[in-house]
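One chain, subunit A, appears in both complexes that follow, with subunit B as partner in the first and subunit C in the second.
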Partner chain A sequence: MNLYEMSAAMLARKLRNKECSSQEITQSVLGRIQAVEGQVGAYITLTPEQALETAKQVDKRLAAGEKLAPLAGIPIGIKDNICTKDVVTTCASKMLHNFVPPYSAYVVRQVERAGMPILGKLNMDEFAMGSSCENSHYKKTKNPRDLTRVPGGSSGGSAAAVTAGEAILALGSDTGGSIRQPAAYCGTVGLKPTYGSVSRYGLVAFASSLDQIGPLGRTVEDVAMLYSLISGYDPKDATSVNRTYTDFVAGLNDFQVNGLKIGIPKEYFGDGVDQEIKEKVLAAIKLLEKNGAEVKEISLPSTDYALSAYYIIACAEASSNLARFDGVKYGYRSGKGEGLTEMYEYTRREGFGDEVKRRIMLGTFVLSSGYIDAYYKKAKATQAIIADEFRAAFEQVDLIMTPTAPDTAFRIGERSADPLKMYLSDICTVTVNIAGLPALSVPCGEIGRGLPVGLQMIAPHFGEDLLFKAAHYYEKISGLRLADVAAL
Partner chain B sequence: MEYEMIVGLEVHAELSTHSKIYCGCKNAFGGEVNSQCCEICTGLPGTLPSLNEKVVEYAIKMGHALGCTINPVTKQDRKNYFYPDLPKAYQISQYDLPLCEQGHLDVLVEDEVKRIGITRIHIEEDAGKLLHDESFSGSLVDFNRCGVPLIEIVSEPDFRSSKEAKAYLEALKQILIYLDISDGKMQEGSIRCDVNVSVREKGSDIFGTRVEMKNVNTFSGAVRAIEYEAARQIEVLESGGTISQETRRWDDSKGVNVLLRSKEDAMDYRYFPEPDLGAIVVSEALIRQMKDALPELPNKKTMRYMREFELPSFDAGLLVENRDKARFFEACTAIGGCSPKNIANWILGDITRILRENKQELPESCITPEKLVDMVARIEKGEISNAAGKTIVEVLLAEDKDVAQIVEEKGLGQISDSSALEDLAREVLAANEKAVEQYRGGKTNVLGFLVGQCMKASKGKGNPALLREIMLKLIEE
Partner chain C sequence: MEIDVMKIARLSRIKVTEDELAHFQKEMQNMINMVEKLPDIPVASLAPDKDHPMGLRKDEIQRSLRRDEVLQNAPETEAGCFVVPNVMD
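Now for the complex of A and B:
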């Protein structure tokens, strides 16, 4: 088995036992990138020298007997909307083609402090707007399980890199499903953490009240390790929650499924969801039930309104968040036009892709005078109702389980012409962001010719611990070889 | 037809907190271009604001000073518009839930008290500054001012003259300084205002169409801008036109305003709650505590000085205008033993003049309230002359000496010995026979001249009142 195929937990043990060095691990992953990146296209920017330098430092410190963080020496890829000091951060947009941040995001500093070699910046849908990674200005990332298909999005580069062995771990961001849906499409594990548990400082904002940075990895344990590193209170993010964040790895194996109450919301198993996916997900839940869990059908009646409310709130915030990209201070500036207003117009016309422009216009409309009450304020009211329904549901059950996505990875180009159909990919995931809840996608089998299906587990606020335990337990009993790197 | 003007003011005051409103950058005027800014106040992608709690505290102080209701739970909102000096393309402000609401300010206008309603006070961030210069083409942006904390104080349309507006602005400025929440320096842009003007037929109770004027940056400019705009509107109405709701830009150097945008082009700021910041929650206890800690405010103080010490409004205003002088004056009156009016005269007269000449502030000088009271009391008792007082004050400001010591050293004790003064008076009379003739011929005002000659002969030490008495007695003889 190659080093790049191993889980972070395994590699961390090997490092401590001096069975290999961080430089060897990093070289192995860089070699894999060299071999398959041409086919997968997961990265926008690669930083191999920087990664090897970090690995070298870690090896030195380990040799000196220093006690390092659990993930020290394990290479990671970072989604390209997370700021990295001195390394270009494009958000997969032409608009930021030359933007080199003078500071690093909170999570990047955590990763650096832990001694994780950073391999590079991962492809995504432009400004995290999309469900297929096709909205990148730079390249289309392919699904490593089937190169004719999309890896999902917007964190498609993150999911693809982890799946292809081009990174051991990756950071993504999730505004409406952008970690979980690509994790499901690629057959890997992804967590959208509780809103406020991971600092957003340094994440280029799409929709501030919904965005959350989260980990992707090939096993639940790996994801729990990375979450333990990046979660925590950050006074630089006013929405960061000041509480005690524990280590989420230690108790993973102690979990007993007996008595675990699982809720199945019927609204997530409706007509919009592929029949085979429903069967796979229900089979996974059945397996948990057989092992001692209690399963209960529940109802989240306002789910039908979630997608509309989500797109209104997300676009409203995006229209404001993306207004700063105007050609004045950094990034792309058009040479066309005369005077300030035309400079703005041409810069934004040429610098943004179609999907981004569509959402800015939508957002501008729903906030404009005369329409804000009918759209934005209604959507905020809907948000409150949806959050309440979850709260009520969690009085009856410990976890809610649903499909992560209504379908499996679709073919590249298949939905590009139909934005509404593309928006439907988020139907099972957006409610979690609207309610600020944590949710994890774990593979629960394949359909057709090896297309992965994701099982979404949703917990109450700050219920990550239970998510990891239940998902880790499921991983063990499912007998699926989940941590496999895609064969390419 | 007779018209009256209806004016409302929106005053922006920069707060003098140590750091900016949403980041740790220094809040200071006059730094080198783009030297006081960071990734947060320049709105770089990915950065987030975190509220400086001092800003909330300062705004609440002002709210209490203006008798406002303080809202314990408020929020911040984004005001969206494009401009190169606004790096995020939105300003974080407060829209429908301001920190302070419904207050008032009593101002003195020609010795009459006028009550001005305060609609609201909210907190917000300042924008940067555009730089234009012949040494470069185009415009450059200085971000130092980005994120400087502001409060916006919105008045009711309660002003009926530019004088009232000016008195209000001056009173606001003094309060800001008294509360130590703003330096109040107009020339550095610490206080700026937008002016809303409409006119209507006198006696009518219907408001006319309102015109907003921006870029009013001095108090005298506010007076001129209001007068100009009211006159412009009256002229339009008189010639049969109508006023349209619009925003105009005041050009202080030319003394005119020009159309900035009409109602049709009104900006849609698309306000919505700032998702990067949580609610601002202030405990009732803190709100009360801050109210109790409020100092006596300058407008109240002026009125008290007039009432309690019988000072004219002008003198009271001058004393209150400078916190050091007011404090010094009150310390003197607390000691007592002489007339507050005389104390005020010395502070506002010679002391102010000498300090100004020496470019010194009162606390930097050597004089103490005890010493000034000692000196004034001696003058009142006739122990020293007023002229001697001028010499003494000079020394008191410069050196740490007692009044008695100075009188002794400089020989300034006043001659109140009537036999000595009588000798002196006789000599003066003998030397000025012509004047004596004139007096006896009915020109009684030469008496002043004769007394003056006596003072001169006594080298200023003669008691002038006593001299006058003696001189009169001798001439009558």
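Now for the complex of A and C:
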């Protein structure tokens, strides 16, 4: 087995036992990148020298007997909407083609402090708006399980890199499913953490009340390790929650599924969801039931309104957040137009792609005089109802389980002409962001010729511990080997 | 609900030309038709949530970015300032 194929947990043990060095691990992953990146296209920017230098330092410190963080020496890729000091951060947009942040995001500083070599910046849909990675200004990332298909999005580069062995771990961001849906499409594990548990300082904002940075990896344990590193209170993010964040790895193996109450919301198994996906997901839940879990049908009746409420709130916030891209402080500036206002208008015309323009305009519309009551305020009221329904459901059950996506990875180009069709791939994930809950996607089988299916587990606020335990348990009993590196 | 794309584009500070209008009109209209699916409920109050006020840090002087760091990404600067096109004659 090559080093790039191993899990972070395995590699961390090998490092401690001096069976390999961080430089060897990093070289192995860089070699894999060199071999398959031409086919996959997961990265926008590669930083191999920087990664090897970090690895060298970690090896020195380990040799000197220093006690380092559990993930020290394990290479990671970072989604390109997370600021990295002195390394260009484009958000996959022409607008930020030359933006070199003068500071690093909180999560990047955590990764650097832990001694994780950073391999580079990962492709995504422009400003995290999209579900296929096809909205990137730079390249289309391919799904490593089937190169004719999309990896999902918006964190498609993150999921593809981990799946292809081009990174051991990755950071993504999730506003409406952008970590979980690509994790499901690529057959890997991804967590959207509780809102407020991971600092957004240094994350380029899309919809601030919904955005959350989270980890992707090939095993639940790896994702729990990275979440343990990045979660925590940060005074630089006003929505960061000040509480005690424990280590999420220690108790993983002690978990017993006996008595775990699982809720199945019938609204997530309706007509819009592929029949074979429903079967795979229900089979996974059945397996947990066979091992001692209690399964109960529940109802989240307002689910039908979630996609509307989500797109209204997310676009409204985006229209405000993206107002900062004006050709003055950073990024692209057009040479066309007369005067300041036309400079803004041409800069934004030329700097943004069509999907970003559509969402800014939708957001401007739903906030504009005469329409704000009918759209934005009503969406906010719907958000409160959806959150209440989850709260009531969690009085009856410990976890809620659903499909992560209503379908498997679709073909490149298949939906790019129809934005609405693209939005439908978020129907199972947006409610979680609307309610600020944590949710994890874990592979639960495959359909047809190896297209992975994701099982979404949803927990109450700050219920990550239970998510990891239940998902790790499922991983063990399912006997699936889906989270392996894709053969390319 | 019908959308006036030219007006919204102006408010959004995005230049949309006449020949793109039909294309954007159709797409924006489809998006609006989709998001109209909302329950018939009273609208929400957008007043701040009194039970969960946003935490504020103490107003203390601390190191922040230097001026040259703030300006390093600007398309045009002069004498330590951002430069923009003339706003008056």
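Brief remarks on what is shown
In this section, the second predicted complex is superposed on the first by the 486 of 488 C-alpha atoms of A that agree within 3 Å, B and C clash if a C-alpha of one lies under 4 Å from a C-alpha of the other, contacts with A are read in each partner's own complex, and residues count from 1 in each chain.
The rule is simple: a residue touches a chain if its C-beta (ideal position, glycine included) is under 8 Å from a C-beta of that chain, and two chains touch if they have at least 3 such contacts.
Source: prediction; values computed, not measured.
When both complexes are overlaid on chain A, the residue A:204 reaches subunit B alone and has no touch with subunit C. Legend: residue contacts after superposition of the two complexes on their common chain; A:326 is shown touching both subunit B and subunit C. In the overlay built on the shared chain, the residue A:242 is in contact with subunit C alone; subunit B does not reach it.
In the superposition on chain A, contact is made by A:340 with both subunit B and subunit C. Residue by residue along subunit A, subunit B and subunit C are tallied for touches, and C comes out ahead.
By the touch criterion stated above, A:352 is placed in contact with subunit C alone, subunit B being left untouched. In the superposition on chain A, contact of A:316 is made with subunit B only, not with subunit C. On subunit A, the surface patch touched by subunit B in one complex and by subunit C in the other comprises residues 99, 102-103, 235, 238-239, 319, 323, 326, 328-330, 340, 344, 364, 368. Only residues 39, 42-51, 78, 80, 82, 84, 87-90, 141, 268, 270, 272, 275-278 of subunit B touch subunit A when the two sit together in their complex. The touching residues of subunit C, when paired with subunit A in their complex, are 1, 3, 5, 8-9, 11-16, 24, 27-28, 30-32, 34-39, 41-44, 46, 54-57, 65, 69-70, 72-76, 82, 84-87. Subunit A meets subunit C in the complex at residues 98-100, 102-103, 235, 238-239, 242, 302, 304-305, 307-309, 311-312, 319, 323, 326-333, 337-346, 348-349, 352, 357-358, 360-362, 364-366, 368, 371, 373-375, 377-385, 419-420, 423. Those residues of subunit A that touch subunit B in the shared complex are 81-83, 89, 91, 96, 99, 101-103, 105, 200-205, 207-209, 235-239, 316-317, 319-320, 323-326, 328-330, 340, 344, 364, 367-369, 372, 376.
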